[in-house]
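Right after this note come the structures.
Okay, so chain A shows up in both of these, paired with chain B first and chain C after.
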Partner chain A sequence: MPSLDPRITRAEPELWSLPERPLHPLEHWPTYEVFVLRTRGSHAQHVGSLHAPDPDMALVLAKEQYARRSQCVAVWVVPTEAIRWTPTEDEDLFQPATDKSYREPQGYLHTRERLEKYRDRLKPLPS
Partner chain B sequence: MYGNLTVRPEDVENWGKKVDQENPEKLAEFEARIERGEKIEPHDWMPFEYRRQLIRLIEQHAHSEIIGALPEGTWITRAPNFRRKLALMAKVQDEVGHAQLLYSAAETLGKSREQMINDLLSGKSKYSNVFNYPAKTWADTAIIAWLIDAGAIINQTTNAKGSYGPYVRALERICWEESFHLKYGYDSVVYLATGTPKQRALLQDALNRWWRPIMHFFGPPDTASVHTEKLVKWKVKLATNDEMRQQFLDMYVPKIWELGLTIPDPNLRKNPETGKWEYSDPNWEEFWQVINGNGPCNKERLAVRRFAEEKGRWVREALLQPNARYVTPLA
Partner chain C sequence: MIEALETLLLSLADDDLCMGHRHAEWIGLGPILEEDIAFASIAQDETGHAQAYYQILTDLGLRTPDEYGFHRAPAEYRCAHLVELPNFEYDYGFALMRHFLYDAAEQVKLQALRNSRYDPLAGLAERLLREEKYHWLHAQTWIHRLGRSTEEAHTRLKNALQMTWPYAWMLFEPLPYEAEMVEAGWTPPMAELRTRWLELIAPILQEVDLFPPAPSEEELSSLAGARSGRRSPYFEDLYREFTEVSASEPGAEW
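For the complex of A and B:
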């Protein structure tokens, strides 16, 4: 059936005579990771990735792709290649190897207990 | 181990592995994580079959968004007024944006965007069947924006409970944007339904032509569907085709009837005893015909996509930096 879209009818007959040429690797450009600052005072947050030929185009496309509707005060783009990461598979990296309670506020829960226990010692030293 | 290597030597070793050939310890850990409701992230160990099925699912979803922009796009040049034109352009832009988000999610699993587009253009990868039907009048765009998007939202909110982090995050964003599409579609439908007899006839005609594709939208009945126990366990598939179809009918048939429209199926009714909708066979033979390339618009849809890639090629090549290097997106 003939196309109902006038733009397509204008593209004919070339539309039907294009060669089958597969895209080559990188034809859609390298990837960038996108970060968005939703409000002043908030941390920039990773929101996804995109393909762009260079950082400036990445910014233009990031604004279009990730900030066209929601509130946003700034976008950042970073070439994916520039990021070094630890794999989630190795999340136990972040488990303390030894007891680290000494660096947590929760490591100091018994202070009041000791104070109550030895309250009788809490008097000025004899001079 | 640390750096940009996403598809690792052990993944390649995994390539093509059947589930029962996987490392049983790793597999148990992986399944326990999903069982606990945790998400799988791109750099986690995953069975090859999980990777393969997700690539297939997310890629098809991405293709559906990018091809899905075409039937509605047909009417941008002839929208009835400027506000409708702006809204339709915004919706079509959203759909293309959704394709980008989904391609990125699929890429994290190790298939490049160029490979996915090549597979779309060669016909190797599929996309949603409904987009192989023409949008004959303006009313078709209203029906698509309301009912096809309603179906898509049901499908997507279901998948958003899945186990793969990047896909879930993309879907959350997509569903949020689609809520505008649904409102816009409903508004356009109500406007025609409350309009002149000619407008109402146009709308009824569009519904008559779209009803069958809508019934096909959630895929073949469960009885004809391939065994999906593993995919359910891995939270790749979260509801069966029939469950989603029933949910759609529950939510939208009353709304369609409220507008005084007739649904072109004399057997459509909710069985009060089972609580399930009953309907005539929507001709699954036609569904298979269309999915295999013989629908009214399959050739045009792919030709337009090929045209866009071919005509944009010189721009992409002119902008490509000589030192560019492809790296799988992170998340």
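For the complex of A and C:
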């Protein structure tokens, strides 16, 4: 009896070494970036990408690719081509030339202490 | 009464068991990786649903899910012939059309069974419907997409519909003891469920210019008897394969 396993019965080794040819658009679907919401109201987190012929199919496929194992309440998909990014080889945009640590949250750590220290020097507001 | 209950639950469970197995034959062969994973997941769900139906019978002191699934004689199975059909030439149009017709039938059956007067079944139907929502979305999205795609896609769907239609129709073959079940309020008559099924799928198919053929009496009568144990010629290979592992070491715990 021939094998029931189609991986054996359908194998066509002669096709594996065919020369490369240009792909038809239907053979080469665009990619979508997938985001999931872990709980209601939480931020959408980027979890990966997938191939799909259109946004509806992308949603259907995204559910099983990225939301079948962990908790999830919603999935978003965005065409990868809709995304614009800064050039990764150029990080100058993100390099400050002077100390800007005052912009960081630590800058506010000792606000109360400083306030207490100078409280007695505050003049009462004119009535 | 217990025979009636067993028949009802086995018809649901055995359909899911075989459908899960047939869908699972696509693992590694799906048209693209993403779809391979989604369809395999649906296959896994169906097998799990079979187990949940068997468990209701187990809880009544009858056989265990494994005994029902893997240790019955072929004539004791109550599945419809649609789910026994092999994947033939591995045409994904066929797989999707069968999935569409089958999961539409599941929608209709489960929507009705959530109101069953047999509480364990009503509770289970409610639970399964949540998971089935995805199956139904997946099936509809594909039919919608491929039905408006290329001529080749449409032709494949059309041929698949033509081929599977009488089998799908017979998913609603009246069950043995059906009068008793209906009387007890466990399920509506199968003929009534078939009408609801037709109402559900006809507009979806029409939208993509697909029209189910009218099945002839001759075709239908050649498929009759599945729910009383008459197996199709395709069951033997399927049965041998899905019982192979459990038969290799009887009594082993997996």
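Following the convention adopted for this analysis, the second predicted complex is superposed on the first by the 70 of 127 C-alpha atoms of A that agree within 3 Å, B and C clash if a C-alpha of one lies under 4 Å from a C-alpha of the other, contacts with A are read in each partner's own complex, and residues count from 1 in each chain.
To be clear about the criterion, a contact is a pair of C-beta atoms (placed from the backbone, for glycine too) under 8 Å apart; a residue touches a chain by one contact, two chains touch by 3 or more.
Because the structure is predicted, anything quoted here is derived from the model rather than measured.
J.: If we overlay the two complexes on their shared chain A, which of chain B and chain C does A:Pro30 touch? Say first, second, both or neither.
T.: Only chain B; A:Pro30 stays clear of chain C.
J.: First (chain B), second (chain C), both or neither: which does A:His46 touch?
T.: A:His46 sits against chain B, while chain C stays out of touch.
J.: In the overlay, answer first, second, both or neither for which of chain B and chain C A:Gln65 touches.
T.: both
J.: Just to be sure I read the superposition right, which of the two partners does A:Pro22 touch: chain B = first, chain C = second, or both, or neither?
T.: first
J.: Is A:Asp54 touching the first partner chain B, the second partner chain C, both, or neither of them?
T.: Both partners.
J.: Considering only touches as defined above, state whether A:Lys100 meets chain B (first), chain C (second), both or neither.
T.: Touch status of A:Lys100: no partner.
J.: Which partner does A:Glu89 reach: the first (chain B), the second (chain C), both, or neither?
T.: In the superposed model, A:Glu89 contacts chain B only, not chain C.
J.: Under the contact rule defined above, give the chain A residues that sit at the interface with chain B and also at the interface with chain C.
T.: 4, 6-7, 26, 29, 50-51, 53-54, 57, 64-65, 68
J.: Write out the stretch or stretches of chain B touching chain A in their complex.
T.: 1-4, 41-45, 70, 73-74, 77-78, 93, 97, 100-101, 104, 107, 112-114, 117-118, 121-122, 134-136, 169-170, 173, 177, 296-297, 300, 303-304, 306-307, 309-310, 313, 316-317, 319-321, 324-331
J.: Could you pull out which chain A residues touch chain C in their complex?
T.: On the chain A side, the touching residues are 4, 6-7, 10, 26, 29, 50-54, 56-57, 60-61, 63-65, 68.
J.: Chain A touches which residues of chain C in the complex?
T.: Spelled out, the residues of chain C in touch with chain A are 25, 28-29, 32-35, 37-38, 41, 87, 90, 134, 137-138, 141-142, 144-145, 149-150, 237, 241.
J.: Which chain A residues qualify as touching chain B in the complex?
T.: That would be residues 1, 3-8, 11, 14-16, 18-31, 33, 46-51, 53-54, 57, 64-65, 68-69, 79-81, 83-90 of chain A.
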